[in-house]
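Below is the structure I would like to discuss, written out as structure tokens.
Going by the order they are written in, the chains are A, B and C; count residues from 1 in each one.
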């Protein structure tokens, strides 16, 4: 997200105009010009193709997803009203597309996503920002060269591996420790998610802190501050936007994660705020059910609809993060 | 008179900094424990047979060769699809395109695409590649249901779209790191734009582009969600390879229309749905170890590259 | 009233293996302006930073020798460096105001010293801004971003910020080199007023500025102190030929 400085085509115009004198000059000009234009065209095609793919993603997702609204009403995605046992009707929030009376409420799924993503983000913020501060301000610069890549290596672990570990080791470990109601639950999933998100927040926080110019640190020390005073009162406040953006991006990542929650959260679409019950997230629902739906069914379209919801949420979060960062750039002109 | 006290200890500050140190080392310890556990439990299963044999007995014995092969095959095709497109788009955006609303929208979209959940890409792959293009191809070529179903080709294509932003962003960064003054020097000597790009910009940006590619490969090899329903299978009797025959001359090549086994997917299924968890546990650990080694090697290579690259430019 | 504020004896400074300052001995007088002049890279800024131990923050720096402020060796092991820097203030070459409001920039120092009372802080702000000749320009803009001020105003605000921790000595590292002539003149006027209350040491590459502003001048060359005397003598009748060559522009 840097400022890209453009070389103008002024140099080209000048070059071409200079060689207009001799006869040879004109010939070379035409040939080179065509070649240059072709090359530029080639690259432009690539650029456009990339853009086309991006647009296509939008289109296809929304096309199939909005079909869901024709098959399943918008409000059905929130709740279903059905006759209760005692004769009256009740409103239920359930995701149960495969039953005889299919129910498509997204509420349990959204809650499931939040119940895993929010604790994960909270944990990751504490650990991630601390790690970022450590790398940028506290660590010995020689060690930093090894430690920062180590954290990035952390970030490169495939999520299926994290899910696997949580499933095989994490669940038993916490089971013995905490005796939860469900062995696989939102808490286990949150821990797993944290493994993925802490490096994201740590890395971005370190970048944000590192970009604060050294003069500010000198000014603070020159006034007789301690290291911690400088970190807490000058550096962190100055990097606030960068750190906030990293937290928002981390949250977006937590919402969009699939494998960890699929493997460790229990996959029961409960509505609960109890961290220790199994939940099912939006992502896990798509992953688990997509293989079994018949194309064109209500269920099929509903899964695409969930996809739209996911896409929109993460898109908005990313946009917010970008706006924060660009605002920060404008405000602090160093 | 100057009042200079003896050394005062700022208890609160020192405590805070120690807490930060402890948190950081706790994280590193957790990481090492995680990796260590996998190595310890998995190393027992690793052997030449494990890597090169087929699975036997309903996955409870044997090797994971098809999964490794499948991963390599998918990733290879993914690279072919995404790297040229990504690098060339980045070159266009950075070197040719004028700064306008359109380019800014493109840049924002690319950044945001990088944050889209991978499962959504899976949906896109299903809806677009398999159902739209695949079925379309079947209709036009009248091949029945050949292309309109899960296959290696579509899995690679979906992963290609997924990692495209990574390739573009790293290439942009690499191109950007070449100082304007170098370009100016080239133009000043009478070079054209393409000559400048080819001879001045690209050579300097090459390490950065390579780093981006390696990171993209690593990401692609580790992603499971997108390919869950795009062609990955748990057990296939054959590799996705067919013979390409020209006359009497036949060579085996990767057949993109077939389904495939995939390391990350294999781990997922073994962990969640295997018929005999106790027997398959060592295989699970072994497969995980292989996958981690693979991704780590790629990531470390990328990191070393980037380190050397930045050091060369004097910027670390 | 004490005459000499800072005594430096046989000071050597090494960056790794390279010696940047060679055997400097110098007495800096109280409540006067002392200027350090010399060509670029001759060590004057480095020497300035020795006086408030800012070099401690740089790796690979080794210091040899003694620096006494009011008869206290500031390089003694038992000295609290953090406290030292409250008593010796520093103004840098380029303004390094924090990205906070004008008010918050000034009260940063007092606040980390534990002063919380709003009335006391307001008084400090007014007092230091008046001393820095910037009060009229900022008194109605206290809650604006400090970076919105002009270059000259920012630099004067840096001075106010340094004064807020009530130092006795102010070190200035080329404070006006990034400013236009009018702002420079204002800073020089300021220095003239401040020396009644503070000991000032100023590094400058602008000889005429040194001549205008200082009482004592020290000429540094290649890490050595060549000559140190009253400003009038240095600029009219220097003892060393090197000094004369530099002053008359034969090199620099």
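Simple rule for what comes next: contacts are C-beta pairs under 8 Å (C-beta built on N, C-alpha and C of every residue); 3 or more make two chains touch, one makes a residue touch a chain.
Being a predicted model, the structure only gives us computed values, none of them experimental.
Asks: Central chain, going by Cα centroids?
Replies: That would be chain A.
Asks: Farthest chain from chain C, going by the mean of C-alpha atoms per chain?
Replies: B
Asks: Indicate the whole-number Å distance between the mean C-alpha point of chain A and the mean C-alpha point of chain B.
Replies: 16
Asks: What whole-number Å value describes the gap between the mean CA coordinates of chain A and chain C?
Replies: For chain A versus chain C, the centre distance works out to 48 Å.
Asks: Could you tell me the distance, in whole angstrom, between the mean C-alpha positions of chain B and chain C?
Replies: Going by mean C-alpha positions, chain B sits 54 Å from chain C.
Asks: If I count partner chains per residue in chain B, which residues reach a count of at least 2?
Replies: Within chain B, the residues that touch at least two other chains are 10.
Asks: Which positions in chain A are in touch with at least two other chains?
Replies: Only 226, 229 qualify.
Asks: Taking each residue of chain C in turn, which ones touch at least two of the other chains?
Replies: 82-84, 87
Asks: Would you tell me which residues of chain B are touching chain A in their complex?
Replies: Residues of chain B touching chain A: 10, 12-14, 16-17, 19-21, 23-24, 26-28, 30-31, 34, 37-38, 84-86, 88-89, 91-99, 106-113, 115-124, 126-128, 131-132, 161, 164, 168, 172-173, 176, 180, 183-184, 187, 190, 192-194, 215, 218-219, 221-225, 228-229, 264, 267-268, 271-272, 281, 284, 288, 291-292, 295-296, 298-300, 303, 307, 316.
Asks: Report the residues of chain A in contact with chain B in the complex, numbered from low to high.
Replies: Residues 1-2, 4-7, 9, 11-12, 15, 32, 35-36, 39-40, 42-44, 46-47, 49-51, 53-54, 56-57, 60-61, 63-64, 126-127, 130-131, 133-135, 138-139, 145, 147, 149-154, 156-161, 163-165, 167-169, 195, 198, 202, 226-229, 231-232, 249, 252-253, 255-259, 262-263, 283, 286-287, 290-291, 295, 303-304, 307, 310-311, 314-315, 317-319, 322.
Asks: Touching chain C in the complex: which residues of chain A?
Replies: Per the touch definition, chain A meets chain C at residues 141, 213, 215-216, 218-226, 229, 233-234, 237-238, 331-333.
Asks: Can you tell me which positions in chain C touch chain A when the two form their complex?
Replies: Per the stated touch rule, the residues are 52, 54, 57, 59, 82-87, 89-90, 92, 94, 96-100, 108-109, 112-113, 145, 147, 158, 161-162, 165.
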